[in-house]
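Shared chain: subunit A. Partners: subunit B in the first complex, subunit C in the second.
On to the complex of A and B.
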């Protein structure tokens, strides 16, 4: 019966090729779409985790603590030693965030002053991405400060000018003067208007000697969203080693809204790919239905010879599935080849690339595709193969043999 | 001898657009196993309708159809399909071969529907094609065969499944004189050699001359049931 179904597909060659092409094109497009979106998702992932780390360590209950003195890890050096012992060679960044009143000569603003201590590789990436003028404060620089571009405009300061910081500290209010050494640019306007960066020792001198707000653990090998699966056992291991005074969170737990944004990409993508498959499915329905109508007489003969309605319906279903499979096989081969090529790296041309960079993504992105993505595409193909056949199969299955054999197309 | 096919009071009325057409009127008939019976009559006399009702292709409006000891006129669609598959072979006026299948594949089609293994299907289909003198044309598609050859493939398709009854509806109507005569002789030979019961609806005088029993239909009624020496 499969031979009959296969040969029947090609009776009306042009129409069948058209329908198979539609399925193949949709499969190719779906795979390419998955590959490109995964590239953007992975780019977002790298961007996010470069900025916030893969896991963070805070004082337990830090979200509910209002007193700055209780919100910091007081003996940062001791915790760092335990962290290094648990996870030797880890890329660890430390940050002390201090709510601060920052003023220029004439204006002042409330900002979140961050003292950062990044490993060199991350520091270089950060600088390449966000420094618009000047530089970041050196790791041991006691006087340098970098300001978000919007904040610098608000304070009416430029490189080389002096700004003054007043901050609540663990030992009372701190005050200090800094020289603007860098102007930054953050894509998020709020962040651009509220960010000021110091070296970690400078921030500690201002507000909390020896303390940090958080440690960030950066696993540089994790470059894809799918790598995240390994974070859960890692977090558990760290939590056991570091004790109950601190809490270890994956970046998804620390920033659930970012995590949800990243996760919402996939259902949206599947929905849109599904829509394209529905359109391709309509062509398959048309092809199979016309094929059934044109062969009414033949189906009448098949039923007269003793085929049950169920068998006739399965014959139509087989034709639809074979047609979809033929198109899908070509689409799958082309799609995988396309993704394999894009997996070596690609950049969006011209202004598209600028848009990508404006959102903080790398200029060069790397497409990828997982077995789950392929399984979704295959499921869509089978789905439209079956759904497209339902109506024509029902029509064929309900034919009366005598009437059908009198049918003239 | 117990009849193989028996119909009692068989009536078929077609209703179309509010109009009634009576195709068969209370027909009574018995056909013994191994008989070669012709149903004769002019166009519209009800020959095809009678054949369809005997073969379970349609339901009668009234009356009974029996095959062996089983009443079949009340079977649902699926039971009728199974009944046709296991008991009847059909030969149609327009051959009705499947155009994308070869002669061998067409001849083995019913066996495939029956779920027979490939080897058995091929062997029986080849044998049936050989019996009808077209064994060497097994690989040809219907459009590569003449009308007579196509009708032989159709007979082979009916014969290969070893049915109890072969119902043939105007099998020679589309064939030229010589081809038609040859086909009639081959069907009669199969009847003699294999003991297959043939019921043939025809108004072809060449065929009627060669048949022992002829049931004459007119206006949906049997007007004469004639048995003669051939």
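On to the complex of A and C.
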């Protein structure tokens, strides 16, 4: 039956090649889109996890706590020791966030002052990405502060100016003066208008000696969304080691909206690829239907010789699937080669690259494709192969042998 | 008969309480007029208790100077409210900081009261009142925020004594009509024509064990407070 189907396809070479090309092009495009989208998802993943860590440790119930004193891990040093014992050599960052009134000479704003202690590699990456002027405060700097660009403009301060922080009702000094050592730029305007960064010791001195709001665990080997599967057992291990006073969350649990944003890319992509397959499928329907009409007399003879309707329909189905498979095989080979090339790294040219960077993605992205992506493409190919054959097969299956043998196109 | 109905309607309208006037009377009692007094502010939390001693000068309207006298770590801090403007003085920085309008609803010294509670007549300014209940003992007003009013609350319910309009209880509701904060006034003291509550308890209704109590002592109402008390210099030097 397959040989018969193959011969039928080649009877009208141009039309069949056109339909197979449409299927192949769609497969190639689908694979390329998957590759490029995975590159963006992985870029987002690296960007997000660089900023917030792969897992975070907070005081249990921290989301519902509004009192600053209760929202912090009081004995941060002890917890850090347990963390280091559980994951020796882990990249751990610590942050203390203090609701503060920050004032320049004349203007003031309420901000969330963040005291940060990042491992050197993450600190350098953060600085390279966000510092626009000056530098970040040094890890033990008691006086330096870096401000978001919009916040600096609001407070009307520049590098070298003094800003004043007031954090009442806390256990630290409650008020302190800092020198602006850096101006940052965050793509998110809200973050740019509310960000003020200190060294961790400076923030602790201001509001909560020895305390942190959270620890972040950074797993530098995890650079792809597919690496996330390993986070769940890691979180469970950490939770067991650190006890019930704190809660360990993966970044997806801490920032569900960011996680959903990252996850929403894939369903959207599948939907659009599906639309392209529908368009390609229309060409296949056209090809198979015309082929059936042109061979009406042949089908009449086959039916007159005793072939049942089911066999005739299977012949049409085989022709459609073979046409789609031939196109898909070429598209698959070309698509995988394209993704393999882009997997070595690529950058969008000119201002497109600037746009990518403005959204916080790395300039150089790396395409990738998973077996699930390929399975989706193959499923689409089989799907359109079957669906495109349904109507022509039904037409062929219903032919009356005598009328069919007399048919003149 | 028709004339009788008209007369009844007119007399009913005349005796109906004017919500704005009632709110003004409640605020008059609440603010107590000009004067100087000491307040012991006790901030209670489930695991601790902090006591502040505050010295306050006010003109009874929209100006007030608050100086922290104790505990030692906070002593010397001062807060000045003049109309919608609010400044903070911290001796550690030896300078005044101006609080932005968005910060007026922030917590005062980590307590359950906000900076906007320090003085002023925000309720009259930012809300539209209506009487929702009245009996022999108390009158109840419902205050809905005016469009664009700088308040995080969706509704206030104010309860005051019926004839004197001495404030008894204020309940604050969020935008989802959930009661979030209650202020209870008691131990009213007669100051001239006013009935001033000398004990105020602020409760966080969403978290048990969160409570701030203000007890007034050493009150000197009716004394004139010079304008010099409501200046930035007075924040540092005091107003003796």
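Criterion: the second predicted complex is superposed on the first by the 404 of 409 C-alpha atoms of A that agree within 3 Å, B and C clash if a C-alpha of one lies under 4 Å from a C-alpha of the other, contacts with A are read in each partner's own complex, and residues count from 1 in each chain.
Keep in mind that, in the parts below, a contact is a pair of C-beta atoms (placed from the backbone, for glycine too) under 8 Å apart; a residue touches a chain by one contact, two chains touch by 3 or more.
In this text, all values refer to a predicted model and were calculated from it rather than measured experimentally.
*Asks:* Using the superposition on chain A described above, determine whether A:266 touches subunit B (first), subunit C (second), both, or neither.
*Replies:* neither
*Asks:* So in the superposed three-chain picture, is A:185 touching just subunit B, just subunit C, both, or none of them (first/second/both/neither)?
*Replies:* In the superposition, A:185 contacts neither subunit B nor subunit C.
*Asks:* A:101 contacts which: subunit B (first), subunit C (second), both, neither?
*Replies:* Once the two structures are laid over each other on A, A:101 reaches subunit C alone.
*Asks:* Of the partners subunit B and subunit C, which touch A:153 in the superposed model: first, second, both, neither?
*Replies:* neither
*Asks:* Does the superposition put A:223 against subunit B (first), subunit C (second), both, or neither?
*Replies:* Touch status of A:223: no partner.
*Asks:* Which of the two partners, first being subunit B and second being subunit C, lies in contact with A:402: first, second, both, or neither?
*Replies:* A:402 contacts subunit B only, not subunit C.
*Asks:* Touching A:80, do we find subunit B (first), subunit C (second), both, or neither?
*Replies:* Neither subunit B nor subunit C is touched by A:80.
*Asks:* Let me test your reading of the model: by the given contact rule, A:12 touches which partner, first (subunit B), second (subunit C), both or neither?
*Replies:* So A:12 meets neither subunit B nor subunit C here.
*Asks:* Residues of subunit A that sit at the subunit B interface in one complex and at the subunit C interface in the other, please.
*Replies:* Shared contact residues on subunit A (touching subunit B in one complex, subunit C in the other): none at all.
*Asks:* Across the complex, what residues on subunit C touch subunit A?
*Replies:* Against subunit A, subunit C makes touches at 43, 45, 73-74, 77, 88, 90, 92-93, 95, 97-100, 102-103, 106-111, 207, 210.
*Asks:* Show which residues of subunit A lie in contact with subunit B when the two form their complex.
*Replies:* 1, 3-4, 7-8, 11, 297-298, 301-311, 400-402, 405
*Asks:* Spell out the residues on subunit A that touch subunit C in their complex, using ranges where they run on.
*Replies:* Counting only subunit A, the residues touching subunit C are 66-69, 99, 101, 103, 106-110, 164, 166, 168-170, 173-177.
*Asks:* Which of the residues in subunit B end up touching subunit A in this complex?
*Replies:* Of all residues in subunit B, those touching subunit A are 52, 55, 57-58, 77-78, 81-82, 84-86, 88, 90, 92, 96, 98-101, 105, 109-110, 112-114, 157.
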